[in-house]
Structure formats: C-alpha cells, structure tokens
Amino acid sequence: MTAPPPLYPLLYEPLVRRALEEDLGRAGDLTTDAVVPLAARGEARVVARADGRIAGLPAALSAFRLLDPEVEIDLRSADGRDAAGGETLAVVRGPLRPILSAERTALNLLGRLSGVATATRGIVRAIEAEVGPEAGAGRARVVCTRKTTPGLRALEKHAVRCGGGANHRFGLDDAVLVKDNHRAVAGGVAEAVRRVRAHVGHLVKVEVEVDTLEELDAALAAGVDAVLLDNMSLDQLAEAVRRARRATPRPVTEASGGITPDTAPRIAATGVDLLSVGWITHSAPALDVALDLS
Amino acid sequence: MTAPPPLYPLLYEPLVRRALEEDLGRAGDLTTDAVVPLAARGEARVVARADGRIAGLPAALSAFRLLDPEVEIDLRSADGRDAAGGETLAVVRGPLRPILSAERTALNLLGRLSGVATATRGIVRAIEAEVGPEAGAGRARVVCTRKTTPGLRALEKHAVRCGGGANHRFGLDDAVLVKDNHRAVAGGVAEAVRRVRAHVGHLVKVEVEVDTLEELDAALAAGVDAVLLDNMSLDQLAEAVRRARRATPRPVTEASGGITPDTAPRIAATGVDLLSVGWITHSAPALDVALDLS
Amino acid sequence: MTAPPPLYPLLYEPLVRRALEEDLGRAGDLTTDAVVPLAARGEARVVARADGRIAGLPAALSAFRLLDPEVEIDLRSADGRDAAGGETLAVVRGPLRPILSAERTALNLLGRLSGVATATRGIVRAIEAEVGPEAGAGRARVVCTRKTTPGLRALEKHAVRCGGGANHRFGLDDAVLVKDNHRAVAGGVAEAVRRVRAHVGHLVKVEVEVDTLEELDAALAAGVDAVLLDNMSLDQLAEAVRRARRATPRPVTEASGGITPDTAPRIAATGVDLLSVGWITHSAPALDVALDLS
Amino acid sequence: MTAPPPLYPLLYEPLVRRALEEDLGRAGDLTTDAVVPLAARGEARVVARADGRIAGLPAALSAFRLLDPEVEIDLRSADGRDAAGGETLAVVRGPLRPILSAERTALNLLGRLSGVATATRGIVRAIEAEVGPEAGAGRARVVCTRKTTPGLRALEKHAVRCGGGANHRFGLDDAVLVKDNHRAVAGGVAEAVRRVRAHVGHLVKVEVEVDTLEELDAALAAGVDAVLLDNMSLDQLAEAVRRARRATPRPVTEASGGITPDTAPRIAATGVDLLSVGWITHSAPALDVALDLS
Amino acid sequence: MTAPPPLYPLLYEPLVRRALEEDLGRAGDLTTDAVVPLAARGEARVVARADGRIAGLPAALSAFRLLDPEVEIDLRSADGRDAAGGETLAVVRGPLRPILSAERTALNLLGRLSGVATATRGIVRAIEAEVGPEAGAGRARVVCTRKTTPGLRALEKHAVRCGGGANHRFGLDDAVLVKDNHRAVAGGVAEAVRRVRAHVGHLVKVEVEVDTLEELDAALAAGVDAVLLDNMSLDQLAEAVRRARRATPRPVTEASGGITPDTAPRIAATGVDLLSVGWITHSAPALDVALDLS
Amino acid sequence: MTAPPPLYPLLYEPLVRRALEEDLGRAGDLTTDAVVPLAARGEARVVARADGRIAGLPAALSAFRLLDPEVEIDLRSADGRDAAGGETLAVVRGPLRPILSAERTALNLLGRLSGVATATRGIVRAIEAEVGPEAGAGRARVVCTRKTTPGLRALEKHAVRCGGGANHRFGLDDAVLVKDNHRAVAGGVAEAVRRVRAHVGHLVKVEVEVDTLEELDAALAAGVDAVLLDNMSLDQLAEAVRRARRATPRPVTEASGGITPDTAPRIAATGVDLLSVGWITHSAPALDVALDLS
C-alpha cells in the first residue's frame, strides 16, 4: 500500500476556514487573548495519544497557518503512515496565541480523519491476517460508501485510502449503482440496466445491487461492470463469486451489509473482490490526538 | 427533559445545500435520472432501523425540499423523541426522482445527529439509573465539549440537547475556560484568572481546569464560576465537591476525562454538577436510519 | 434521442444569481427604473430568432423569478426540442420592470446553451444523413470534451445532451484519460495503465489517447475501456477500429482532432463508436434569441 | 491602441478558483495523481496554436499558482499583444502534477478570452484597412455589448479592449440606454428621456436607441449623449450622422445590428463614431491554445 | 421629489442574512427560546420614536421573513416617506419567537438607513427654505459621496435618494473623477483629462476636482462634464459658477468640503448645481426606531 | 486601559474584500487606471485629520495589500492609541495604482471604527473626569450594545474596546438578557428567570432588564448575574445600587437609556458598575482620516 496522493489546499481550505470561524465566533479566543501575551512565542507538539493510522495531517495543520502565517510547521509524520501512542506527528512553532487558538480546530479534523483511516486499517489488517498481505488473487479490498459526514466527503474518502482501503463512488454522478428501489421502479434488473445504458456516457461504469442469486444471474446476463452482493450468507457469496467468474465480461464482485473486522476475513475468503463497509466513515471513533506545549 | 427549541433553517440550510451539491456533483444522480421516469411519483418512509434518540430530523428532511419544493413532508416524530427500531419518523411524498436523489444526504445527517443524541441519552440514562431521574440535588448533568465535527458544531450541540444533555461552550468566544496551557503561561491559576477578569465583559463566565486539589483551592480562592476537575479519582472528586460546596460563591463542579456509560454513575455519585464527555460528539456511532419506498 | 433529465435549480441558481448581480451592479437597471412605472404589468415572449435546438430554457427563465417571484412563466418549448426562427419558447407575465431588467441575463444564458445544443445537433445530423438516424451498428455518437466555459460545465454538458450528443468526462475526477503527457512521464502506455490500475477505484473507467497504431496495440494489450484515436487519418481510423473489435475486452473507440460537420460523416463511416468534438462547447456561436413585448 | 490596464487578481481569482473546483471535483485529477510521481518536476510552454490577439493571460496562468504556489510563471507575452501560431506565451515550471492538473482550466480561460480579443481585432483591422489606422476623424471604434457569458463580463470586456475595441456599458447601472421597449412604455423618446433625467445622477450618460430618422430627430431634440442607430441602411446611417453632427450638443453616434467584418468598413465609412458588435463576445470562436511539456 | 425605485431582494438579502447570522451566532436567541413558548403568536409594531425620513423599510423587514416565512408583514409606511415620532411603520404578526429574535437585525438596518435619509432631508430642506422647493434654476441638489459603510453602499445610496438627495458615483468604475492626486501624477488637468479620454468608453462621464479658479479654467478648456469645486469660498464659488456657465459645453458644477445644514443654503445660493456631502453617509446618527409588542 | 488583542485577518478579510469589490465594481478604478502609469510607484501617509482614538488600523490597511501584495505598510500608530489631528498613522509604499484605488475602502473602514472608538473614549473620559481614572470602586465602565452596523459587529465591538469601553453581549447566543417583552410573555421576572435556568448551560450568565425598583427586587430575589436598570432617574439608580449591593449574590448593575457624555458622570456617580450606551456604535460620527501622497 502506497500513500494516497496529497490533496490540494484548494479542496480543504474552505472547510478549515469555516471550522476556524465556527470556533472563534465573533469575539475570538477570550481565554488565550486574555492570558497569553501578544509577544509570547512557543513550540508545541501534535501527538497521537493512541496507536493508529494518520490521515488529514496537512489539512489539519493548515488551521494554524490560516489563522497566522507566522506559525511554522515541522512535519514528523504523513498521511497514510502508522503512529504509535505518544508519537509526535508534527511540531508547530511561533506566536503562541494562534497555536492555542487553532488547536481544537486542527485536532478535531485530524482526530476524525485518522479515526476513519484507523478503522479502515483495522478491517484491512483483519483480512490480511487471514489471506496474507499480498494484493492479488484472493485478496479482497476494503471500500467505503457514500455514508460520509456532510461536507467532508472528499476528506473522508482520502482517509479511507490512507487506511489502506479503496474508494467507491464519490457521489451520485461518477458511476451508476442500481439499487433495490431503482430495480423496483424499472421492473427488474434487465430493464434498469437497459435504461442506464441508453442514458450514460461511455466512461461511466455500471454496478447493480442484488439480494439473491436470481437477481445476480439477471445482472450477469446484462453484462454489468460490478455486482453488489447485499446481505448474502457466506455460502451465497461463494456461489455468487463462482457465477461471476464464469461470466463474460467478468464483473467485479462486492460484498456489503454490516461487515465488521470480525466477519470480514471469512467474507473475504469467499473470493469477493471488494468488501464495502459503511461504518468506517459513519461510525468510526476519532483517533485520540493532542497538542502538547513544549 | 423537554425537547430543545427547533433550529431555524437559516442555520442549517447552507450546510444541507453543500451536502447535496457534494453528492450530486456536476452531473446529478445518473442512476435515478436514467431509471426513474420524470413523471413518477411515490411515497417513502424515513425509518429508524435501531432503537435510539432522534435529532436533526427537520434539518435532514430539508434536503428533499431543497432539491425539489414539490416533495411533501409528513412528520411522525420529532427531535428529542425516542424511536424504536422499525419506527417511521417521517413520510415523504411527491416526485420520485428527488426523493431518491436526496435520500443519502438526508440519512447521513439524520444518522449522525441521532447517533450523537443516542450516545448522550445512554450516559444520561446510566446516571439516572443510579441516582434517579429527577433533576436536582445529586443529579449530575451530561455536557458536551468542543470536540465536534468541523462545520457541524451548532447541529451537534443541538443533538446533545436532544439526547438529554446540556451544552458547554459553543466556541472560544462565549465563555472562558482556563486550561493547563493557559495556567502554565500565566504562572498559576490566580494570575490567569486575574488577567481574564481584566479582559472580559461582565456577561462572560469563567471556568478553570484543575488537575489537583491544590489547584482547586487556588481556583476557589479566585472565586471562579466553575471548575473543571480533570482526570481525578473518585475520592479526589468527592473531596473537590466538598471543598467547592464550602466556597463562596459556590462554583459549578464539572468532572472530565474519559467518562463512559460505565464510569459515569459512580462519578455522578460524587456529587459533581456536570460530567463533560467528548466522545458523544467525536466518536458516537451513527444511528441506523433508512428510506423505504412504500 | 429523448430529452435529457432536467437539471435541479440547486445546480444552476447560484450561477443565474451571480449573472443577475453582474448585470444589475450596485444601482440596478437605471433605465427601466426611470422609465417604467412601478405598477406597470405586461407580457413578453421569449422567441427564437433563428432555427435551432433549445437548451437551458428553465435555467434561463429562472432569472425572471429570481429577480421577482411575481413574474409568471408559461413554457411553450422545452430543452431538447427544435425551434424554428420566430417560434415562441415561453411567455413571461407580470410586473414589467423585472421582466425588462432580467431580460439580458436570461437571453445570454439561453442563447449560449442553445448555441451549444444547435452545434451538437449539426454534427449529429450530418452523421445521421450519412449512416441513418438509428442508433446501433455503424452509428457513431457525438461526445463533448472538457473544453467548456469556466463556471458553466454542468450546463454546457447538459446542452450537448440536448443537442443529441453524449457526455465525456465531467471533470478530472470521474474517469481516467491517459494523454500524451502522462504516457511520456510513465514511459509508455503499459506502465501508465499499470499505475492507474493500482490507484483508482473499481468504478472508474480507463481511456487511453493514442496517436499511432503501435500505441493502440499497447493500449489493447493493457485491456483498457476506451481508446481515443487522436488525429488519425481515415485509413488509420478504419484499421484501428478493426484491431479494437478483435480485442478482448473490446474497447470503445473514439476519434478526435478537429472534427467538423463536413468531416464527421466520413469519420463516422470508419466504424468508430464516438466522435469527440471540442468546438461545440468552446466555439459554438450563440443561438439568436430575443424578448418581445406583447 | 495601448494595452488595457491589468486586472487585479481580486476580480478574477474567485472565478478561476471555481473553475478549478469544477474540473477537479471531489477526487482531483485521477490520471495525473496515478501516473505522475509526486516529486516529478517539469517545464511546460503555453503556446498559441493559431494567430491571434492575447487576452486573459495573467488570469489564466493564475490557475497554476492557485493550485500550487510552487509553480513558477515566466511570462513571454502579455494581454493586448498579437501572437503568431506556435508562439510561446508563457513558460510554467515546477511540480509537474499541478501543471498538468490546472492545464485545462488555464487553457479554457485563455482560449475564450483570446478568442474574444481576436474577433474584436478582426473587425478593428477591417475598418482600419478601409479608413486607415489613425484614431481620429472618420475612424470608428468597435464597442461590445452586454451579450457576454454569464459570470465573465468583466473579463470579456477586458478582452474586447485587448482586441482594440472599447467598452459599452458594463451593466444596467452605469449608464442609461433607452431601448425600443422603454420608448414604447413611455410613449415616445422625449418622454422617456424626460423621465430618465428626473431620475439619474449627474455622472450618468444617456443614450437612446432609434430605428428611424424621425426617432433620431426626437432624440437630438432631447439633447442626449449618444444615439444608437439600430439596423439602419448605409444611406440612413449617413444621413443620421449628418443630422447628429448638426445637433447641439453633438451626440456620439453608434451603429448596431448584425455587423460583421465584411460589413463593418462600409458602415464605418458613413462617419458613425462607434460600431457595436454583439458576436465578438457571444459567438467568437476560442483561440486555439495548448500546453506543451518541454 | 418622488420615491426612489424599490430595491430587489436579490441586492439586499445576502446582507440581511449575514446580519441575522451575526446576531444569532451558533446557539440562536437563548433568551427568547427559553422564555417564549414555541406556539406563542403575537403582533408587534415597528415604530419611529422620532421624526424622520424612512429608508430601508422592506430590506429591514425582510429579516423577519428570512428567519421564519410564517411571519406576516403589514406595511404602513414606505421608503421615502416622512414619519412622525410614534408613528407605526409596519405591523408584524405571527410566531412570536422569530419576531423577537429578528428584531434587532431589522431595527439596526432601518435605523441606520433612515438616519441617512433623515440627514439628507435636513440639508435638502435647509436649501429649499432658502431658494424654494421647486427643482429648477437656482435649486441645487444634494449628492452623496463614496464615504459609505463597507458593505452597505447600494443601500446607503438608496437612502440618500429616499432623503431627497441624488447619487454621485456608486464606485470607481462608473464615472471618472480626477482628483488632486491624479492631477499631480499627470502634471495638470489637461493632461489628466487627455489620458482619461484615451481610455474610457463613450458612456462614461468625466468630472474634475479643482481647488482654484486657474484649475477650473483648465478643466473648462478640457471640456469636462462636471467640475468639483473643492473647499472654495462663497465668492470663489460664485465666480466659478459664472465661468462654468459661459463654457461650452456647460459643465455641471458641484461644491464640496465640509458642507453642513447651516452652510448649505448660502452655498446653494451661489448657483452651483450640486452640493456633495460626505457626512450624510459616514456620520449620520441613526433614526430611533423600535419594536413594540401589541 | 491596555490595548485590546488584535483581530485575526480571518475575521475581517472577507469584509474588506467585499468592500473592495463594492468600490471597484466590474471595471475597476477608471480614473487611476487611465491617469497613473502602471509602473508609477509612490508613498502615501494615512493621517488623522482630527484628534481621536484609533481603531481598525490593521483591518483598514489590509485593503491595500488585498488589492496588491506589493504594497508595503509601515505602521506608525496602533489600535487603542490616541492620535492628534495631522498625525501620521501609517505610511504605505509601492505601486501607486493600488494605493489610490484602495484608498477609499481603507479610509471608510478606519474612519468609522475610529469614530466608534473616539465616541467611546469621550464618555469614558467624561466619567474619569468626575470619578478619577483608576478602575475600581466607584469607577463605572462604559459598555456597548447590539445596536451595531449590519456586518460589522465584531469590528465595532473591537472599536469600543479600543476606546476604553467594555463589551456587552456579542449576539443573542452568548448570554441571556431578559427584556421587557420576555418578562411580559413569561408573566414576571421570576418565571422568566426560572425558564431561562432550565434551558441554558452552566457557562451562560443571566441579566434582567428592570424598569422599576419592584422589578429589581424580583430580579435580586431570583439571584441573577446582572441587572439592567433602564431609564431610571438618578435617585432610582442610587437606590437600585444600594439594594443590589445588599443582595447575595451581588449582581452587576448596569444603567441604560439615552446616556450621553453630559449625563454619564452623574449616572456613574450613583455607583452603577456599567453604563451601556447605544449611540457609540449606531450614531458615532466618523473620525476624519485621509491619505496624503508624499
């Protein structure tokens, strides 16, 4: 697993700016402005208080410099790296007021995104422990869903990649996923796929969610790019994978439905290509991170 | 516990609008636009899939009407109410396309905020089971922190109230909280409070974080409005409460530091007025909510 | 060809609002405010002054109602329909001042988008005249590029669909297109595609631009989803199509490079699936539209 | 003709930022991020592929630095200068990823604005070929209209100046132009001008559109600053100019109505001061510009 | 003097929205939400507590409906009308919470703009008392400057018109005003005007600020549209008016420099066309307005 | 009185940017762009033309650098300092065009905020002249209200501190103020305070407005943090202070109602802790400031 490409500030600075405004309000940091002299300078370490996978470090640290460009950042870790509890991720130096006033904004972002990465890593590792760490045959990838925090999708998708996962759709507009409601409206998988093909461009992939092997057969007959095998038993999954492998073209197979680190290895062992997991974005606990004044 | 006041759309519509734009991207909902006829109308139920406390229902449902004002909303629950798994929270009716296209945006917001409310309710109930449900002597309140999701502070603070908790500071500018770093810079509690008093207006309360009983005594001597008793043992908390009750003016006492539903009752039994809990906003799992087509 | 799905106002109202602000400035419409009494009411027809294909009609007409919700719109045409010179596209009724003051904003948007649709229609028709109007074997589709007006991409892509064309990528993030610069950096098609495969999710299609038949062979060997045949002669295109049809999986073939209504039919006759045309968005003349007071 | 004053970034950066966001979407440049190593650096030339007049060069190039401030820009041309096909307009150096990822945004803006400038230059040159290049008696100026792209008015007006043209109104609020609809509502030119004079400030000029010589006489009698001679024949224009030159004060005369490079010289020869041309902004083809990696 | 045209909500709603957000902050109106039951409904009168000229009434009242569209507005006055102390300007009815929570935002806007209108009216009346109320020969108009509150220019310019004044430039871009610094840079009035003429469009008027009669002569020789007679004595003004009246074309004459209601009549009596007064926007006291619950 | 903490640019740059856009419009500074050569450089002094207290200097000067980062600022004064008429507050150096084009934006902001500070200083000094400059017993502080300019609240509150005043609530959400309307709805002070206590967090102070000594007694009985003594006579105020000093806890006493520099000293002499004054924000005349080219 290589680190994902860094995000451009253009994509996260508006969010960080809003978060700072949200915390500073109209009157700014009353406590720090009262207690800390304007001329005071200092140094503080951003530290992990628990073991985890780092994500969002540059975005989080941008809070200090958006508040005051005189604050200097000395990176000691990077997105996609593991951190042990107590490890220093970055050192920030400069005027003390903005360091203390931007602290919470920076930590809130870093804790949440690293929490997503750490949760992703947990499932990835559970699968690797079962099937070995090599990407390749038999090695299922973990993918996220659209169940992300409002306003943070791009960052949380990035955090999933930092955790060793891969990305599903970023939105409703970059791929087709025919879900049960669509199938019901169209009157079946075949008709739904036909309508989609008449509508979308040539660079749009088509995935179909199926609940049964019969629906799977309809999807395979329609020649889709991927099938989402929703809430199937391990036996059903294994059979579904067999059928998909015989299909031409061979679609990507994806399992979904309440997957946890405990159940993931056995699901991966069925041979599915992907496990999609919603809770790594919607319910991952934050990684405990802190700012320690030197 | 009465329901908190409803939020004005002015405060959440920009966020919901950004979340819709984030999901629809440039091309909109490829699948729904291809599969569902423009004239199709329908009805769907927003349901809780698990037992929990509801929060953010009007904000979440506004997604449907921001996308298409022809969608009608029929509320069956409300912020601050309990929901059982399977319970219908609202019925949405109208053109089917916007109902399906705004679904994920609405559910993401509702799931997260109801997750915060449900987590808060969990701790509140654990305390009530120990000390009885009546507010009053011996009944500690649960309060949140500033460890919230970037961009969602007002909504998550609201969700805490929906869960039966109370709010701490909304930001750095509406009250003073002298933390360890401030104390260190000032050279002691007394000097920090003196600087604060010279600086802030008459409607700003002052709280001081203390780690030891000696620091507590300094805070009591300074006559602060509240003391944050950080990471103290149960015995220390009990002694701190005793000392605070003897002080004039008598400050509010607040315990903090890794409080969970398990540890909360015994902490509450020490007599502290407040338990502040960070994980109810930064790490609460989302409540499972869904949209079922009728 | 059916009409494309209508766009949600959420996607175009911010643009229309900015356009109105841009025209009204700080002082509003000096002439209309001075000359037209506040109470004057009237009716005006939005008319096509030339033959063309309509696109952006609801977006354009929203200008009147964003300025004054009392203006009523009576639609007589729709996006994706043909209009003859002189045909009435809509009737607007109500207070006369906002009708006159929003006129230019509405017409600028309608003229530009209908110009894009009309240009697209021109190429589509030229091809149909050669190969017959039925979609199917031998019938190449016209697709657009990312050479769109800054700020108007979603609307111009919509206009291309209104003109009978199909959409290519909406941006850099919804599909992969390996261009000559990427190929050069990677040191060849095979390596570029290998890097891409290790990076992107399972719902992202991969297209490769090739200039020669040798590069085409490398792309076919890499098993890509589509090949962009750039600036090839008709003979080369025909040979490329033959080779692509023999490949497994069979990629979509797309011709590009200075395609005009004159050259399109012969290019289509080579059997390529798609003709991508930049000028239908970056250089299409506006359709002449006007507002006539009744 | 000297070059127009450069625009401040304050006026165009929001637009360029939106254009970058529009192209990068939520996931950024999938292809470049996958294929080009993070550390790769390079140099590329922005080149004109056809002969034309340059406009919007600093605005377009700002895309590279808004994406990554480490990209360096080496200007080789300037707004208002002519470029030959193949000429290098600027060299950009630095990290290769942002150079490739901002390429299309930069070129889209540069191509469109230079297209406007080149179209303007075409008409200006046609007139100069007839009447000589000296500004002065008998030399009509080319002016634009409000028929601009939504969101790009200030930039397109600037491009017209780069092309050797002059600017008409920037919006509805900086001058009065009484058009046929206003005249009809007021019941005549005289009454319309009277209402305007009672309404506007002393620094607002008043122009009246006239279709006939009778209306012209009414406008001259009203003492307006300028007359817009709409869709008049060459003979009518010549007579109108004669009447205007006899009036006190002598108004500026402006011809309008479907003016092309072919018809412009003869219209200019009638002695009108200005030719206003809509298509140089609403229908000018883009100048072909490209980015070549060195 | 007739009332100025009403402003479109498009021009003021963003400002009112920001003002509401500024007052409600993150937690909303703590007092009202706690004390007033959600179901409480009521009626309140917006009243003038002092005699004055009303401006900004629709903009101010929009605060109630932007907060809650259920609030109904019953207008009893209008922009440009006089109000006596105690007079009801509007009645607002509906849910009581939003009425109380939007009160201050509405009153702040109404008080400030009506203060500008009232100050303007004061100078206009002082002049009328001297020279009679008829517009015409000898009747100088009062105009404002660009010394307005940041963010409120369009509204304050509107308020000046409500007070019976007229508008000067709205910004740096709608007319030319050559001031002393420009003159110094150019090396004289003549050269400054020559540069301007070579630069600006035909619908831009040119005014020149002059401090002496010699500079005035240079401006008259340059044939400018208006002259700003800055800080001249009454005798100098009278002489300047005489010279300007003899010039061809005859420029508008404008006096400026510390003009007050006391000095205005005598300045007007010199025959100048305009008196420009900065303090009516930058230093006018607010009109006392209030909200009285019925 | 020490200077208030400087504001972060994050809090004022959006406002300054909007103010620049408001002044530059679409076409920029026509006069300066025409008259001043692009290469011209210069130096100008920002000067006070009258005696006053400075506020908003960094915010105002940011206008120059937001327009062109090449302009250099040399500060000669600071927020919270007194300036004599003629004193230089800052020197700006660099390209002359942006210095002249940002001049008015900078001066408008500086003049207004320094006007607020100067007005505040006036009342503070009047009180000090009566009771001596030492903070302490008998020395009332001057506080502002929420009667601020829409959009400028944070800056005007800062200006009040620069003038030696203190801040009241920044908005409806950072403290409780039970006003007459709330009291009426609740049916009395006691009930209103009871509702508030059941609603708000532990860091929110509660103030109650009272008009009579009977209401004061009810407020004292309710144990509120502060009482606002509205429109009381000097005798009533003195009696109110006596009663408040006997209360436990002893609330802060605040006088309000038409307080001027003339009446302030005697009101302060009654022993009230605070005098709240609306006109220092809503009606303070601007301080006369100017930009002089060197």
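Order of writing sets the labels: A, B, C, D, E and F. Residues in every chain begin at 1.
Just so it is clear, a contact is a pair of C-beta atoms (placed from the backbone, for glycine too) under 8 Å apart; a residue touches a chain by one contact, two chains touch by 3 or more.
What you are looking at is a predicted structure, and each value in this text was computed from that prediction instead of being measured.
Asks: Could you pull out the chain whose C-alpha mean position is farthest off from that of subunit B?
Replies: In terms of C-alpha centroids, the chain at the greatest distance from subunit B is D.
Asks: Using mean Cα positions as chain centres, tell me which chain lies farthest from subunit A.
Replies: Relative to subunit A, the chain with the farthest C-alpha centre is E.
Asks: Regarding the subunit A and subunit C pair, does the interface count as same (over half of residue numbers shared) or different (under half shared)?
Replies: Same: most residue numbers at the subunit A-subunit C interface appear in both copies.
Asks: If you average the CA atoms of subunit C and of subunit D, how many Å lie between those two points?
Replies: Distance between chain centres: 23 Å.
Asks: Roughly how far is subunit D from subunit E, going centre to centre by Cα mean, in whole Å?
Replies: Result: the chain centres lie 33 Å from each other.
Asks: Where the CA atoms of subunit C average out and where those of subunit F average out, how many Å apart are those spots?
Replies: 53
Asks: Which subunit D residues sit where two or more other chains touch them?
Replies: Answer for subunit D, listing residues that touch two or more other chains: 22, 24-28, 33-34, 101, 153-154, 167, 170-171, 173-175, 177, 198, 204.
Asks: What residues on subunit B touch subunit F, complex-wise?
Replies: The contact residues of subunit B facing subunit F are 2, 141, 143, 166-170, 173-175, 198, 201-205, 207, 225-226, 249, 252, 254, 273-274.
Asks: Please give the residue numbers of subunit A that touch subunit F in the complex, ascending.
Replies: Of all residues in subunit A, those touching subunit F are 17, 20-21, 24-28, 33-34, 38, 66-68, 97-98, 101.
Asks: Touching subunit E in the complex: which residues of subunit F?
Replies: Against subunit E, the touching part of subunit F is residues 15-16, 18-19, 22-36, 40, 96, 100-101, 104-105, 107-109, 111-112, 115, 146-154, 170-179, 181-182, 184-186, 192, 195-196, 198-200, 204, 279, 282-286, 293.
Asks: Which stretch or stretches of subunit E touch subunit A in the complex?
Replies: 22, 25-26
Asks: What residues on subunit C touch subunit B, complex-wise?
Replies: Per the stated touch rule, the residues are 5-8, 10-11, 153-154, 157, 167, 170-171, 174.
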